[in-house]
Amino acid sequence: MIVGARPRLQQIILEIWKPLTILFAWDVAVTIFHRFMPIKEPALPVALFGTAIALFLGFRTNAAYARWWEARTLWGALINASRSMARLCRNVLPAGPEAEAIVLRQISFAHAMRCRLRGQDPTEDIKRLAGKEAAEVAAERTNRPNALLEDMSRIVSGARTDGKIDTIQQSLFERVMIDIANAQGGMERIKNTPLPNGFEFMPNFFTRLFCVLLPISLVETLDLYTPIGSTLIGMIFLAALRIGQDLTDPFANTVHDVPLSTMCRTIEIDLLESLGRKGPGPLPPVAGTQW
Amino acid sequence: MIVGARPRLQQIILEIWKPLTILFAWDVAVTIFHRFMPIKEPALPVALFGTAIALFLGFRTNAAYARWWEARTLWGALINASRSMARLCRNVLPAGPEAEAIVLRQISFAHAMRCRLRGQDPTEDIKRLAGKEAAEVAAERTNRPNALLEDMSRIVSGARTDGKIDTIQQSLFERVMIDIANAQGGMERIKNTPLPNGFEFMPNFFTRLFCVLLPISLVETLDLYTPIGSTLIGMIFLAALRIGQDLTDPFANTVHDVPLSTMCRTIEIDLLESLGRKGPGPLPPVAGTQW
Amino acid sequence: MIVGARPRLQQIILEIWKPLTILFAWDVAVTIFHRFMPIKEPALPVALFGTAIALFLGFRTNAAYARWWEARTLWGALINASRSMARLCRNVLPAGPEAEAIVLRQISFAHAMRCRLRGQDPTEDIKRLAGKEAAEVAAERTNRPNALLEDMSRIVSGARTDGKIDTIQQSLFERVMIDIANAQGGMERIKNTPLPNGFEFMPNFFTRLFCVLLPISLVETLDLYTPIGSTLIGMIFLAALRIGQDLTDPFANTVHDVPLSTMCRTIEIDLLESLGRKGPGPLPPVAGTQW
Amino acid sequence: MIVGARPRLQQIILEIWKPLTILFAWDVAVTIFHRFMPIKEPALPVALFGTAIALFLGFRTNAAYARWWEARTLWGALINASRSMARLCRNVLPAGPEAEAIVLRQISFAHAMRCRLRGQDPTEDIKRLAGKEAAEVAAERTNRPNALLEDMSRIVSGARTDGKIDTIQQSLFERVMIDIANAQGGMERIKNTPLPNGFEFMPNFFTRLFCVLLPISLVETLDLYTPIGSTLIGMIFLAALRIGQDLTDPFANTVHDVPLSTMCRTIEIDLLESLGRKGPGPLPPVAGTQW
Amino acid sequence: MIVGARPRLQQIILEIWKPLTILFAWDVAVTIFHRFMPIKEPALPVALFGTAIALFLGFRTNAAYARWWEARTLWGALINASRSMARLCRNVLPAGPEAEAIVLRQISFAHAMRCRLRGQDPTEDIKRLAGKEAAEVAAERTNRPNALLEDMSRIVSGARTDGKIDTIQQSLFERVMIDIANAQGGMERIKNTPLPNGFEFMPNFFTRLFCVLLPISLVETLDLYTPIGSTLIGMIFLAALRIGQDLTDPFANTVHDVPLSTMCRTIEIDLLESLGRKGPGPLPPVAGTQW
């Protein structure tokens, strides 16, 4: 996630300079061609075409933003549930190794989830926090975060069998774990379900076609100003296209990602401090990007 | 669900080449007719007509996408609840045949639900997983998934009668089953309730009428360029129409379906591994389509 | 709810032929008048007017569709809760008359709700299912479905007093009844709260005014084509108006209703089968309409 | 809330005749001025201006309708929770004075909430229903509905201390009270949070400015038809403005209010009948308005 | 949050007079330049450009308003949960120091949350309400509100260990604390996640560019009226831009903030009165602004 006001313009130019250059070159080419061979250009219904494309882009941008914000909200739900889990561990479980084991697995769960979404290996993080044994339990399963969650449930169950908590208190833990499972499932849903075919391909295709046709249609009225007028309009459509593309996959390990690493760190700080340990500092942005 | 960037263009051409050809042929015919019999064409208010249709298409596409995404979300809820059910079976129920029986019925439930939505027979899948007896219990009822859910509830009830769990733990199971019943009901709602009459028929009718009138209205200004200009505008409206149609019934057993088979496999993997068994591998896409 | 692809066009023509004929007659009249008395028509800003009306119609259609879909979703919630209620009756209550009494009242509740929304008398249905006594209990109260729900709660309470279930299991039943009460309240909200005055009256008034002014404004440019061009544009606005009207009251006992009878039958089938009885067959559509 | 089809037109004319007259007078004045001093009017970009205003009005109307509908939904939630509370009182509490005391306070809560939102004094209603003592308890506190809710909680707590219910049943009551507190908070949120400054002021200002400029811009093309054409367009924008204004504060004690009195009466009927008493009849609309 | 009808216009002028003056100066400059050097201006497709920008602004305003309203709703949820917490303390806990300690920490939580969002120091408020000890507990942790919540949970846990409540009643408290943790997480989400880069930068850039190009494009048709026409259109776009900017960060300690201080005071009044103490009066608006 890009933060801070300054690097924004630079960031954006970096991202769209290539299509912008191509667009401008094409607009100039059409203008030059028109100067030397002033054939009568067809009065294509560009306005109607532009309106139709704006409609398409509108849907895409809307849907993409909703995905991005839902992704952030689901991670927020994971943060909330992590804190609730730590609060229960500290105040419902009697003092003992169980509380710490659960809280450390909860932090590991967040890291495992981040790695699952970004296609990375969580082993080191799990080992560092919850120990080698927990990392092995997770590694045995296709779905590592789910394995960690089941392991937490197992520890709670053991505490109940040992008479440290009763079944009502066990229910409290299980209820929070259901919230965590729901957050996990939502993240996987966004990761595994791209926008429908038509929402991806159509705006891409029609916007580019529009940029190609635009100077041809404008050159007769704008003449030498064509490159300016045409590039300007084209730029705004390309920018809208780009924004939609950036937001559509919020777990793609790009600068437009929902800041998973930062949120994992937040969980780590809050939960370690809940255990009475010292947490690490918050994760600073790197070159204007919060990872 | 179509995945992968490459087969998309091909896929789309495959789907709209027929209406596109008809559209182009009509545009050419109008142009030729105009060349030989240049009668004065009426200046139909095409822009106003196009705007009104865009409004209609907008509603339809919006509603269709919302249905598709809700369908996916409901299946996500089923995945989440399945995992929670498995976690409870493993950690709340004492070791014994009940846990396995419930988890296997839960996997069967997903398959039965998939078959119910796609109009297929789930008997083989239920038999393979939960055994012949469970398949027979399901077959006796009109609503097989519901029968399986009641059977799971029966096993939990038995465990409570046997004193293996108390009523609080039974409540935990029943609460997850309420979530599952809610997901099932939502899926059936989308399956059994088509978009209202007007949302289906009107865009279809008016978009096609628009495509018929478009060249007649443009031919006088565009002349020989009519087929290009008219087909271009028509194509974008037909594409929007098509996208809406594809998304409106996400359980129709077409390439645009929410990937039910893949999600059933996900449930199967996660739940079998939770039982300590080896799950099958994930379902690969077939020719760019995730079923 | 209208189903099936064929009767749709017929259905729609049936519904809008009257305004369409009036519209066409008016368009022809204006054209003829113009031929004989070609006074200069004012260049009314029809496009701006049309855009403003489209905005109005947009809001109305959106709000109406949201009401219709929420109505369907609330009935879906009632179906889900009914199944959960039956599951609890079968597996939480010990065998005995209570389970059957509750399930039969639950089916009656759905019928009573349907009748309440459509202004019909539920007595026969309640008698047929839950017996004369339950019908009398319901008839004593202004709000019959609520009376049935309280009666179900009374039976559960009796089972607890008799020691057949404990207070935790009673809570489970009461929790499902809270869901049912919420669904009921939502349905009554949609039934008793029409769209705001302005959302109903304004689109009606302005759309018709627009249809009256349209040919006057177009006749000078379209001349003899006026009836065609004007009727076409008018038709699309009238259709949008109509769709909004049809959806706005989903419990009005018209062909556009959410299919209450069908859903009551679904509940009846699923719940009777849960009791081990034979349910009736599903309700077929009548002349393309699912009631 | 305005109900019934007939008084609607009358209602609307009553509400907008004043701005409409001013608008028409201005349009006539501009036209007359133009006849005598036909200076060249500037070709202001009215269409672009109108589109931009439509955008503003669109947001406002959307947000206002969402507030109105949420207000109605929150009152619906209060109705639902009231019925659930009565059901619990009747079937979970043993026969005794507590049940009646709680139900009567619940009805009083609805009246107190209505009065709080409309700036009225609830003392009479609370006295009439729950007695002088409850009215005094409420009067001691700034937030009277909350005081009544705490009083209900106190009675439930007493029943538990007396051993009439156990802590599980107490939880059931408290859970419903949490729903009630959430509904109350939501209503206060809508009451205390006006739409943002810009959403209120901007559409007001620009729409009126637009109405002032419109005839100046149209008079050259429309000439004598200016008052008709300009008033027509202006009217539709003023109407949209008005609708937004009416819906934005649904608890303002105007005819556009969500019908609080009617809903309080619904609660009174349902809950008194649940106590076995005779409820009053439903509140009829007064001159086409449901209060 | 700005309240009251009068200071609104003044407020708005105060906020946009600077860009408005620059805009007007530029428009005048272009007009004068055109009078002295009437070169042929290019007919830039301003309408298409304006429509595209309106689309962008539309998304931004929508997303910003949704953030603002969600922020208010989350604080509403905190108010609701605070009241529920106080109700539980009074009626579930037996008389004793615990109830008061929890309620005072709950009020402190709200103040701590306000300070966290606005970057202020909550120590004084916590000390004043919950005592020095609670302030120290909070100060030890990075996340002070969370520390207070854990402290409340600790007191509840102590009451259970002392046998003053059972585990079911403890669950009730923990359930409300989960709601509080969810509200806290949501507020932090809005605070820490700015709108995506493109939603912030693009409308800013393109709207200003549009304002620069507008007079150049209009000057030939409007001539001397250019400054009026161009400033008018520009003003409406700048206003839309501004509204979005104001709402996008509802916790920025500006006049457009969600009124955190006022809501903290509401919680303080309601909860202190619930303890039987006298609450302070409500916070009056300062110069038309509710803080």
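Per-chain residue numbering starts at 1, and chain names A, B, C, D and E are given in the order in which the chains are listed.
One rule holds for everything that comes next: contacts are C-beta pairs under 8 Å (C-beta built on N, C-alpha and C of every residue); 3 or more make two chains touch, one makes a residue touch a chain.
Going by UniProt, the chains are A, B, C, D, E = Putative family protein.
Worth saying up front: this structure is predicted, and the values here are computed from it rather than measured.
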item: Path length in steps (a step moves to a chain that is touched) from subunit B (Putative family protein) to subunit D (Putative family protein); value: 2
item: Chains touching both subunit C (Putative family protein) and subunit D (Putative family protein), listed by label; value: none
item: Mean-CA-position distance for subunit E (Putative family protein) and subunit B (Putative family protein) (Å); value: 38
item: Centre-of-Cα separation between subunit B (Putative family protein) and subunit A (Putative family protein), whole angstrom; value: 24
item: Touching two or more other chains - residue numbers and ranges from subunit B (Putative family protein); value: 47, 51, 168, 171
item: Order of the ring members, counted from subunit B (Putative family protein) so that subunit C (Putative family protein) is second; value: B, C, D, E, A
item: Contact set on subunit C (Putative family protein) toward subunit D (Putative family protein) in their complex; value: 42-45, 47-49, 51-53, 55-56, 59, 63, 140-143, 146, 149-150, 153-154, 156-157, 167-168, 170-171, 174, 177-178, 181-182, 184-186, 188-189, 193-194, 196-202, 205-206, 209, 213
item: Touch list for subunit C (Putative family protein) against partner subunit B (Putative family protein), complex; value: 1-3, 8-9, 11-12, 46-47, 50-51, 54, 57-58, 61-62, 65, 68, 72-73, 76-77, 79-80, 83-84, 86-88, 90-92, 165-166, 168-169, 171-172, 176, 218, 221-223, 225, 228-229, 232-233, 236-237, 239-240, 242-243, 246-247, 256, 258-259, 269-270, 273-274, 279, 282
